[in-house]
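So, here's a batch of structures to check.
You will see two complexes here that share subunit A, one where it goes with subunit B and one where it goes with subunit C.
On to the complex of A and B.
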């Protein structure tokens, strides 16, 4: 009688070939690899198996190779460009002995080249597969440690943090100092880590004839660059991408300098990292002319053009301002906006508001923070929203911005779909995109709108690169122009914002908000928290900025002095409701509602 | 010339392997058979079963012998061995209430349902080093007569059930019955299901999990607030698979697990402060440290996993093979990447010397961002 376990084993007998990886796993990995080829540059998660080599020792590359290889294949394995290093030797014997394939050192004979840290100097042709071992697949990890946030950035194509890091690098060091694993944009969509091959090899991934497969075993990701895919190193239009270069260095063995060189010995000599290529050069078995044409000699560092030589400013991306729709004079329109924190939604509203003297629902206990808030703002107009702490003004603004999910109402922008689309129906990524150039926010706390570790110019670069600016000089000119306008000394442009005073930080935040000339500007208590004299300066600045621009502004404040200085019309909010509205001047001089009278009295004191 | 580089090639690898074999397998000491290791190094064997995620004592013992006693290396051997084998079946869901306990402690209650069963433990044994000169004398007969255990002693009631009866527990039971995440097929990344976090912890390196647990208490971002252990048990559970021909569940063996339930005192504004929350831990073999850490971290992850770094820490930093492998890979040659780094340093210096840089690098050396 057979046992249950024997019966189970019998079902799998045909697949019981004791290799390194079972056949089911290989199928799974091939499927993930095919997905990766279909979506170039996208990191495909896969059920990475443990290999007889440690995580980090090529377990990802090994899994791909074992999954795609057959007995008819010829495999070449290199580490640092060398066929004879211990790691390469070890992986090669493992692959060859368990699959029955042939192995070679000659790149031309190989059907599969598994590599760590290099692309061979020899041309890789149509039909050849390059398998790269990847220790760290996430190109954004240097600028973002949260994997959830990295996933969001990839999904939305939101790479401005990466651009800012390149900008800051240039500002601080005068050049891009990234070394290996240089980030590239694949097929115009995904940023990928060319991990970690030298910059010298990066151009070989662009429009290649061969297929590149990247395997990260530890992080359980596979990604691919199919043949003839557009692969661009991330750099500004006017800052050339640079490959490694050591003046005067040449290989001590073959004498050539158009190859990637590594230190040879400790006496300052250099040698080819690709040992097989070097050996064939010495045996006169290599096409030197074709190799020289392929070599990235046009990308050697040229201090003359690095930063100073190229002053050609690429034209700024211009936002097409939609022509005003006839009969519609608003830039932002909010109708019946409401926000309830807690249970009940709209059912929680009865029994709350100024008449009831409470924002807490007597039936559900929910807080009705704002309800039935409606207003519109025209281009060139500033609207004030005033109320005490807890009156709901900031909540209403947060719902317009998208930081809070509104319970009721509609929010429309003239700049979006001629005002036909309700912002509240848009997914979060679409609302985030609107904040790049359609609706800017100035927060009470500058830290909410700025990255304090980044320079003043870099903070502005964040907004500009998100809007598509790719000229380093163009970005610097624009940032300087903005900082000059908000009266931040240009000598401070390259200093981290954390070294700035509160008033100066707020000026930088205002400059950033205006960087893309958004048609709508939302200001949440822009001067609260500043010294009175500093606040007065910022207020003066804002008044000037609003008067010289055709911008629609909403200013939220508890302070009538701020509202009076900046706005034309005003809403007064109390316990979540609008209790009075009118021209700011009239409200200030002749307040009707007792609550407004109290606010005015407080401002006059 | 003068370039040789650190190139060993096959010869060096074979020589290194030979050195290991000679010293380990041909040492001047008696061979350690597998049953010797499972009998005398039970806790090491159990730890490897847990961290490898494969319950088989003999496999684990063989791995420990080959790994010269390094539990992480042994776990690697077992997992790599598992990668070679097909998956024949998926077991039927396991009901921990079926556990026949070998040990069971309820610290939070003096007289819970069922016994407080100390079992095989050194918890109350003075930690005095014994240095016997030879094997002990034959074991004396036990003083007390061994009695057959009652059903209640074999399968005591669960402390959590008592808490539920007293209505002292926040109920997280779901009415749907989602398929648990198989983290060996779908990589666990935040945001992840609870089952993915539990599976990750069950396979985690014990030291890493305990360190994370301790960090959650003493660390700057501590997420564990009150540590009361509800119950910890060690016992045997039946494993059932469906017969390939009849489709009926068949018990094919038993496996040992450690199970823990940890009580957390809720104090958050949005939390039910009139009740407790209970976290769950379960791992292969006898490993109470791991099961208890897991149970506490389960609650902490539910409460704070997404608002702080805990979920990412749990899912991505506690696997011993991942962290150990990445650390060990630093021993591989890195001279291509290092060359590229040196080149940028030299280029930066050349630019500064030519005074063409727009700005001197910040002396503080702040990370670019």
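On to the complex of A and C.
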């Protein structure tokens, strides 16, 4: 009698090949790879397996290669442009011996090229697959620590942080210094890290004939650039993308300068990074003319075109102001807005409010932070919302902004769909977009509206790039104009905001809020936390800005002086309800509600 | 049609901070002010003269009654429309300057002129002209209003109120802190308003000003109009 094990062993001899990955794992990786090809540039998570190489030694690339390779393939492995490196040699041998495929150093013969650091100098043709071993797949890692936030930015196509990092690089260094991993926009949708290749190779990914697959084993991500996909390096319209270049350098072996060169030895000499290409050039087995056409020589650094022009080459994006709709003179309208923290929703409301003397529901214990708050603001008008701490004014504003999820009510913007759409029904990403150019916010704490590590100009650049500005000089000009208006010395424009005083930070925040000339401006305690003389300066600035612009402003403050200085009309809130509303001077001189009278009496002391 | 028409205007204050006590101020006032007419409110302190002005301006919200500016009912006008109308269609000059802090006289007056429809350069010219007529020293034109003397501030306030005058001006003791020479200039300026057809409703404490400016004197007592007539007839009885 034959045992099952013997039977299996007998059949396996003929049909199964020894492999590092089991068929299930290969299917998983192929599925992820297919998804990646279908959504160019999107990082697909996959169940990364243990490999017989250390993570960081090409385990991601190896898994892709082993999953897509067949016995009739020919594999080439490059490490730092070199086929003969220890790592490249070992990976190549391992792949060939476990899959039974052929191996080669000649790019023209290879069907799969697994690489670290380089795209071969030789032309990659239709049908060839380039597998890249990726160390850090997340292009946003350098600008955003939170993985969740990175995912959101990709999902919403919100890459302004990336643009700010390029802007900051230009400000600090006069040029973009990032070499490997230059960010590119794939198919007009996802920003992708071109790690591990140098900038020299980036143009080779655009509209290529071959398929590029990127594998990151440690971070468990696969992404792809299918053939003939649009791949654009992120760069400002007036700052050309440049490749690495050492003036006068040429390969000591083949003598060519239209290749990616690396320092050879310590003598200051250079040699081709791609050893296979260099050897073939010397053996006269290379199409030099075609290669020269391929080389990114038009992208060599040209100091004459870099950052010298002061003229704006691209027009500023202009957002057409919606024409006022007849019979509707508001820019922002809020109806019946409510927010309940805790259980019960609207059922928690009875028994709360000024009459009950409490915001806590007697039935459910929920906190009714704001209820039935309604107001509208017209262009050129400023509305005040006043009340003590805990009166619900900031909660109501947070619901309008979208920082809090409102329990009830509607919020409309004239700039959005002529005021027919309720903002509260929009998904969070749509509300975030509105905050770029339709409804700006100035927070009490500048850190909430600014990135303190980034320069003053860079913070403004963030808002402008989010709104579609792509001219470096245009952005600089606009930022300088705004900072000048808010009286931040232009000599401080390129300093990180964390080096600014509180009043200066608040001015930068105001400049950023106004950057896109939003029709609605929401100010949450704009001068609270500043000492008296600084607060006075910020208040004067805001008064000037509001009077010279046709902006609809909502000013939330506990301070009557702020409300009086900035607003025409005011709401008084107590325990989550609007208890009185009127002209600001009338509320101050002829307050009706007991609570308002108390507030006024307190303010007069 | 009168520029300003007040009917059955009542106003009282409920003081919640003092155990809900109610203080009555106006008990049903009827008053018309025609174009180019200067109506002076006279009467003892607490008679409701200033309250009446403030009810028209809606710094006080009237309890009942009607205040019409031309065709427009002011008591029920939405706050936003009222805010727009103020300064543009009618002005209120109080005894004290209510200028935004840290602004200079020229800016204060020019801002007022801009609200009344002048473009920025015209507004500055008009403001300069107005300040000059009130003899405000040119070296003070760009200093912070809060450092000015009482008389200087009052002149800035009057200049802001009368520059490019609107149809109706409410004046609440606008010359109380001025020395005789400046007072003359201020009264000249107010007198000239009538040539522009401006309707004026004013409170003055001194009889000379009233005799000189008023076309009609309205005597108020206890929140009601007690008597009215030509200055010459009425002022002898006060």
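Here, the second predicted complex is superposed on the first by the 585 of 605 C-alpha atoms of A that agree within 3 Å, B and C clash if a C-alpha of one lies under 4 Å from a C-alpha of the other, contacts with A are read in each partner's own complex, and residues count from 1 in each chain.
Everything below uses one rule, namely that a residue touches a chain if its C-beta (ideal position, glycine included) is under 8 Å from a C-beta of that chain, and two chains touch if they have at least 3 such contacts.
Computed from a predicted model, the values in this text were never measured in an experiment.
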item	value
Clash-or-fit label for the pair subunit B, subunit C on subunit A	fit
First, second, both or neither for A:179, with subunit B first and subunit C second	first
Touched partner set for A:117, first subunit B, second subunit C, both or neither	first
Per-residue contact with subunit A, leading partner among subunit C and subunit B	B
Touched partner set for A:97, first subunit B, second subunit C, both or neither	neither
Subunit B versus subunit C as contact partner of A:543, first or second or both or neither	second
Subunit B versus subunit C as contact partner of A:590, first or second or both or neither	second
Subunit C, subunit A and subunit B - angle at the middle CA centre, rounded to the nearest 10 degrees	130
Which of subunit B and subunit C A:80 touches, first, second, both or neither	first
Which of subunit B and subunit C A:168 touches, first, second, both or neither	first
Least C-alpha distance (whole Å) that remains between subunit C and subunit B when both complexes are overlaid	36
Shared contact residues on subunit A - subunit B and subunit C	none
Subunit B residues touching subunit A - in the complex, by the definition given at the top	1-3, 5-10, 12-13, 76, 79-80, 82-89, 182, 184-187, 189-191, 241, 243-245, 250, 252, 309, 312, 316, 321-322, 324-329, 332-337, 339-344, 346-348, 350-352, 354, 356-359, 361-362, 366, 368-369
Contacting residues of subunit C [partner subunit A, same complex]	13-17, 54, 58-61, 79-80, 82-83, 100-102, 111
Subunit B partner contacts - residues on subunit A that touch it in the complex	3-5, 7-12, 15-16, 18-25, 28, 45-52, 54-57, 59, 79-82, 84-87, 89-90, 93, 116-118, 135, 143, 146-148, 151, 164-165, 168-169, 171-175, 177-181, 196-200, 218-221, 242, 244-246, 252-253, 260-265, 267, 269, 271, 273, 301, 303, 306-308, 451, 453-454, 494, 496
Subunit C contact footprint on subunit A (complex, rising order)	329, 378, 381, 536, 539-540, 543, 547, 565, 568-569, 581-583, 585-586, 589-590, 592-594, 597-598, 601
